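Pasting in a structure now, in structure tokens, and then I'll have a few things to ask.
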């Protein structure tokens, strides 16, 4: 249990480094980087310890701090939930963060950037917030840290605030994700209002459940019909499943925003304005994963709603394809990676939607590694190219920076999904799960799965293409500019992290070689075991976050079933074969178009499609139009209304009063005879009135 | 305690009268005296004595023992709590005014006459407070009016002053004729002029007569002709309305207050108005009990008349004030508006006469507080005139920088007049408001509220000019006149102190009103 | 005794500052105002440690903390007394007042360069009145203080304000005073329809709650009419759409320290009074009218936020967003749930701190750039990093960043109103609509920050921009720390608020 | 004996004549005379009803009224005098420097 006692330190260490870097960074060597490295290193070690403990079958779910205890019926808490899922995520976040800190020494310190305390402070705060999000044991805490990582993202994207681009991109990133978070917040409030708790997993004490989790309560409501305690259903006048679907979709709003899914993906490419290590850490490996992680975290809730699952799968499949096509024509290396990131998170959503819980987490893991690698590799290239990111100015870097090249190539192969690199295993599993569930599931849901599968499959081809287009343009052929001919060398602090990640990108897929396992019968699907836990008892029984529980729910409640059109083994192989084939096809097409010594642009052949793709399907345009073309003019009109009508009435009342006053004072004509007349008149009127009333006449 | 002779109950009035006589004596000894200090001293002494006597008698409980108070001259004069209360108001206002006049009249001739006239008028007011008969009331009222006509026109070379005097006088003359005619009709209807006699006549429905000081029915029990009585009462209302500057007899007020020397404006708008109201309160509460009047049938419902007058007065006074260009005239109109507020004292009464003591005590309290804040405000105008500051709002720009103390005092007066809780005006206005709601007189309450809101606007224009605006021209204030300053600051302090100390005022007023 | 001591000390200090020479007035005023600030913090601490679990001052007078009652005035049959005391609702507001006043005074050192003794004297006079407003338990005493706030505010805006200060000052003054009178009329219509002999707030609460057989006017119960009149009166102060137009003018023209007080404390007078009068004394009626009131609140939220979007003046932006934030409070109050009402009260504190902070930030920028217009400046982060850093933090606090007080307040309100029994089926819809405010607020604040703080440095006015002085930044830092402290540990005040809110929830129909 | 109502009518007529004079005449002196007429209307009432009621109250009061009317005229003449000095006219409608 000792590991769990120290677990809060995983979050707190980077937070301390934030304070140290911000307030003392300018008096420290390396501008506070060392504090960050120490802290994240410490967190990494602790995370490993936690992971080992979890591997020993122990889990932890505990309330650490009561945010507000004042309302007894609904207390809001901060707590730790350490189960295999969060332990895995802790490892990923700590590792990437640690490596990014080291890489930053090369990318920021060596480049002589100013404002380093701010930079490392931001990284520290981000790491702390992200880790806080990962270990959160309830939805509110998760939401709070979800927002905090958004703040850090804002601060780090806008790091170079003296230029015009980064602040604008930072604003956009925060605003678009905030739009998603709006729905998330409704969802959080709704879930608390409905269930009276936001716990992801039940709290137990001596084997007794002392506080039930909301996915379990929802399950009881739907499966066992226990709806008496849920007053909210009466308020909204819906059945439990319908209302829970609404709640799930609301939370999904935050997911779509943060994980850059269609239609809220537009902020991510712009976010590349930030320093590249930041892009690697935040906008590829960790923060963007927060959305997917959240769905996985409360998967027991989504598994209850076929509608929500269908929406998730469809968004995922569509985004995977949609973003991949936009990545085809980009000229800047980081832009390609950005769209690739969007696309890959689409895969994870597709997996989650189609019941592939393991596949999603697996892809999340491998993607974190190889995408961080690619971004850091790109960062290395950018250092070499003196911050020119245009791939058409590069070429031939292969020989001049071999470490970068080979590691980048490993990452690219993983991204493209070429066997045996990490991406192949995870992407294959994603597609496979979608396929078999698509065939097995009855009705509309199955159709949706198949459609999403088709889109995901098509995206595989594009992925292979844009990835290797990028590789060929950057590293192969002849150098196309002076800087490419004489790139700036990078040091150990760049090469080190690249090497670590390169090795991982090659090997991490082996943790869950499901096809191999199925074929050989060997129990080498470690991730599956890790997330499934023991079949009977153990932590899944305590927390209800085990895979087995989810599969039961999918089957019994959402009626997601498996189907093998070609028999179990053949389907498996066919699926793997098709996706590998498509990936290779993409690679080969890229090779044929761009592998030459002096490649030329082929985008013109796309005709009108090129314009469409270059403009990203006018997604930015319509969203900007919504903001500046609709909302802002509306605000102006309302302002006019406010000044003219609302304030006009106020001023009008005063004017009318004053006008009345100026009329009344005219009675006072200054002529005393008139006064006498009016006086007499008044008296006579009174006399007449009272005379008539009193009957005097 | 030494038992004082009965006539000493009139000491507040007598000391004023005595002081005026001393002044006249001084004047006849040295007709061209410019010893302003001496003259002011005598006047201040007299008025302070008057105030002191009134205050002493109030605290000693004169008139508290029984409801009649100290009756003098065959019940023609009654010194009770009500009378003393108003004597105190008159005494305090007169003190402030004569004190302030020290600097004001220093450059004018006929100083002794000025002070003597003020004190004579004040004597009339004091007497009016105690008048218990239409006859004494009429005489006292004329004693108030006649010197004040002269005082308004005191600046003989000043067109404004003369014009003001003329208008005041002409309207006053008409009004007193109306009043006299009204009194004659009441006499015709009831056969008596003493208030208690009139009341008996109304309640019994028979014409009364007074034999050896006691009221009894006339031989043959002739009935009271209610129509004649009604017309008479209405005309008396007219006479009262003139003195209190209420619509439609208010026309003289703006001009008179504007044209008169500022201390006289203060005197007229505060003390003279109070005197008008004491007559009204006593006459209508004692002589024309509303319950009996309505029970008799066919007679006038004066409560309704006062309601109409009150609402009209409030609105006309305040709305006209809102658009004035000169500060003094604004205050003049606001003074008309305040008459409307005080009229609530006679208007917020239920059909059976309930609520009269509450509403009257509210009116009395307001008059007392008003005596300080309004006098203070007009004396500030006097100060401004003394400095040669112009008459318009703009001319007051930036005055706060040069004379912060006086301007702070003026701010207190104005906000208190508006009913903000910075001075007693807040409570007295609330007291009136309470009286209206007590009898569910919603229209009166609404008028009070609306006009209070409006009044804040125009009062704050002065505040704005003094503190917020930058001075437009070059203006240097060379001297800070002692007398004016003392009066202004004194009034301000009392106004503020009346906020926590309002309890005393309202208690006395309530007792006094209940005793009637 | 404690409250009386606070009032007296501050009042004496006011006189002292008025008489002091201009040069020392600022320092002296800060020192004077530190006394009530420290005193009230001590009281807060005493309350926190000794009075836990006490009830509502209006509903259980026996539980009043620091109470004191002395008979004062008798008006007819009405007894008026000097009656003060605190409970969990007024205690945090009292501390907010005293602390914010001190900080505002310090922040005035730089911008106020003429007639200082009068300025600081008026600030302290306003503090006296504000202390009184939050501690008075007798209606008259309360009203004296309530109106007493207007006068210094009027002069502070009018004398030391911007170009259109005269218009703004008179508008503020007359508008809010008219509102007070309307409220007054509504309240007293009710007072005289019951057999009240005392105007102490607990007595009024008792009488109104048990009042029966009230007259009806045009078929509407007097209770309802009074409620509406009182709501109108207080809503102007809050302010609530469409009674808000005095606020932007007042804010824009007021000197910054005054804006701080206006947004930080004065607006809370309105919501505090709503809570005390409309929602405690007339709880039944409030429950009946919950839906229309909630709609007013939601419209204020969205309307204020949309208007903020259209502004160029930083102060106007914050001013309109205050309208938006106060709309949440209305929504929370009508919910009649622990989180709703408690959250509304908490939001008063939170918004007091954050809006004060925002105005101070704008003020510090204005002191050195002499402009507040978005578009007249950019890239300030380059020249005044710490100020801008705090500005950014404050802005995020305003946007409802978790672990800052604003989030706590807004979240509590949403949580409380989402399934509020008083709102029925409309509850989730209205709450969700109100929540959209958090998106719009992010929109305009991010936009304004991008334009003014970031990008290349540029300034349209001819002033040298330099980092702000320590005494300019220190109040900002203090406020920021308070905002974070309350965001991390809302129970610091939410606990006592709950103690005093829960009795309110127990009264009235359907509870 | 002539009935009291007759005197009442007489006095009312005189009162109205006086009032009419006030409303129509601009000369300050005639204005003053008209006021005297109105006061005398009151006197007629007082004296007549004094007889009717059989007490002296009315008669005494009418004496007061006359005295006061005399005093009033004295003051009035004085004011009219300064009016003439300032406005070189005794037309009451000429003095209109202050209005509204």
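The first chain written gets the first letter, and so on, giving A, B, C and D; residue counts start at 1 in each chain.
Quick note on the criterion: contacts are C-beta pairs under 8 Å (C-beta built on N, C-alpha and C of every residue); 3 or more make two chains touch, one makes a residue touch a chain.
Please read all numbers here as calculations on a predicted model, not as lab measurements.
**Student:** Taking touch as defined above, what minimum step count separates chain C and chain D?
**Tutor:** The fewest steps needed to get from chain C to chain D is 2.
**Student:** Consider the two chain pairs B-C and A-D; indicate the one with the greater count of contacting C-beta pairs.
**Tutor:** Of the two interfaces, A-D and B-C, more C-beta pairs touch across B-C.
**Student:** Which chain has its C-alpha centre closest to the mean of all protein C-alpha atoms shown?
**Tutor:** If we average C-alpha coordinates per chain, C lands closest to the whole-structure average.
**Student:** For chain A versus chain D, what separation do you get between their C-alpha means, in angstrom?
**Tutor:** For chain A versus chain D, the centre distance works out to 97 Å.
**Student:** From the C-alpha centre of chain B to that of chain C, how far is it in Å?
**Tutor:** Those two chain centres are 43 Å apart.
**Student:** Hey, how far is the Cα centre of chain A from the one of chain B, in Å?
**Tutor:** It comes to 79 Å between the two C-alpha centres.
**Student:** Can you work out the whole-Å distance between the CA centroids of chain A and chain C?
**Tutor:** Inter-chain centre distance comes to 37 Å.
**Student:** Mind pulling the chain A residues that touch 2 or more other chains?
**Tutor:** 654, 665, 668, 670, 672, 676
**Student:** Can you list every residue of chain D that touches 2 or more other chains, as numbers and ranges?
**Tutor:** Correct list: 19, 22, 92, 95-100.
**Student:** Can you tell me which residues of chain C touch two or more of the remaining chains?
**Tutor:** Within chain C, the residues that touch at least two other chains are 174.
**Student:** Report the complete set of touching chain pairs.
**Tutor:** Contact pairs between chains: A-B, A-C, A-D, B-C, B-D.
**Student:** Residues of chain C touching chain A in their complex?
**Tutor:** Within the complex, chain C contacts chain A at residues 171, 174-175, 241-242, 244-246, 303, 306-307, 309-311, 338-339, 342, 379, 381-382, 392, 396, 399-403, 407-408, 411-412, 414-415, 418-419, 424-425, 427-428, 431-432, 435-436, 438-439, 442-443, 446-447, 449-450, 453-457, 489-491, 494-495, 497-499.
**Student:** For chain B, which residues count as touching chain D in their complex?
**Tutor:** Within the complex, chain B touches chain D at residues 134-135, 138-139, 142, 146, 149-150, 153, 156-160, 162-167, 169-170, 173-174, 176-178, 180-181, 183-185, 187-188, 191-193, 207, 209-210, 218-219, 228, 254-255, 258-259, 320, 324, 329.
**Student:** Quick check: in the complex, which residue numbers of chain D touch chain A?
**Tutor:** Touch list, chain D to chain A: 19, 22-23, 26, 92-93, 95-100.
**Student:** Quick one: in the complex, what on chain A touches chain C?
**Tutor:** Counting only chain A, the residues touching chain C are 66-71, 73-74, 140, 143-145, 147-148, 151, 155, 158, 161-164, 166-168, 170-171, 174-175, 178-179, 182, 185-186, 189-190, 192-194, 231-232, 235-237, 627, 631-632, 634-636, 638-639, 642, 646-647, 649-650, 654.
**Student:** Along chain B, where are the residues that touch chain A in the complex?
**Tutor:** Chain B residues touching chain A: 166-167, 170-171, 174-175, 178, 226-227, 230-231, 234-235, 237-238, 247-249, 251-252, 254-255, 298-301, 304-305, 308, 315-316, 319-324, 333, 454, 457.
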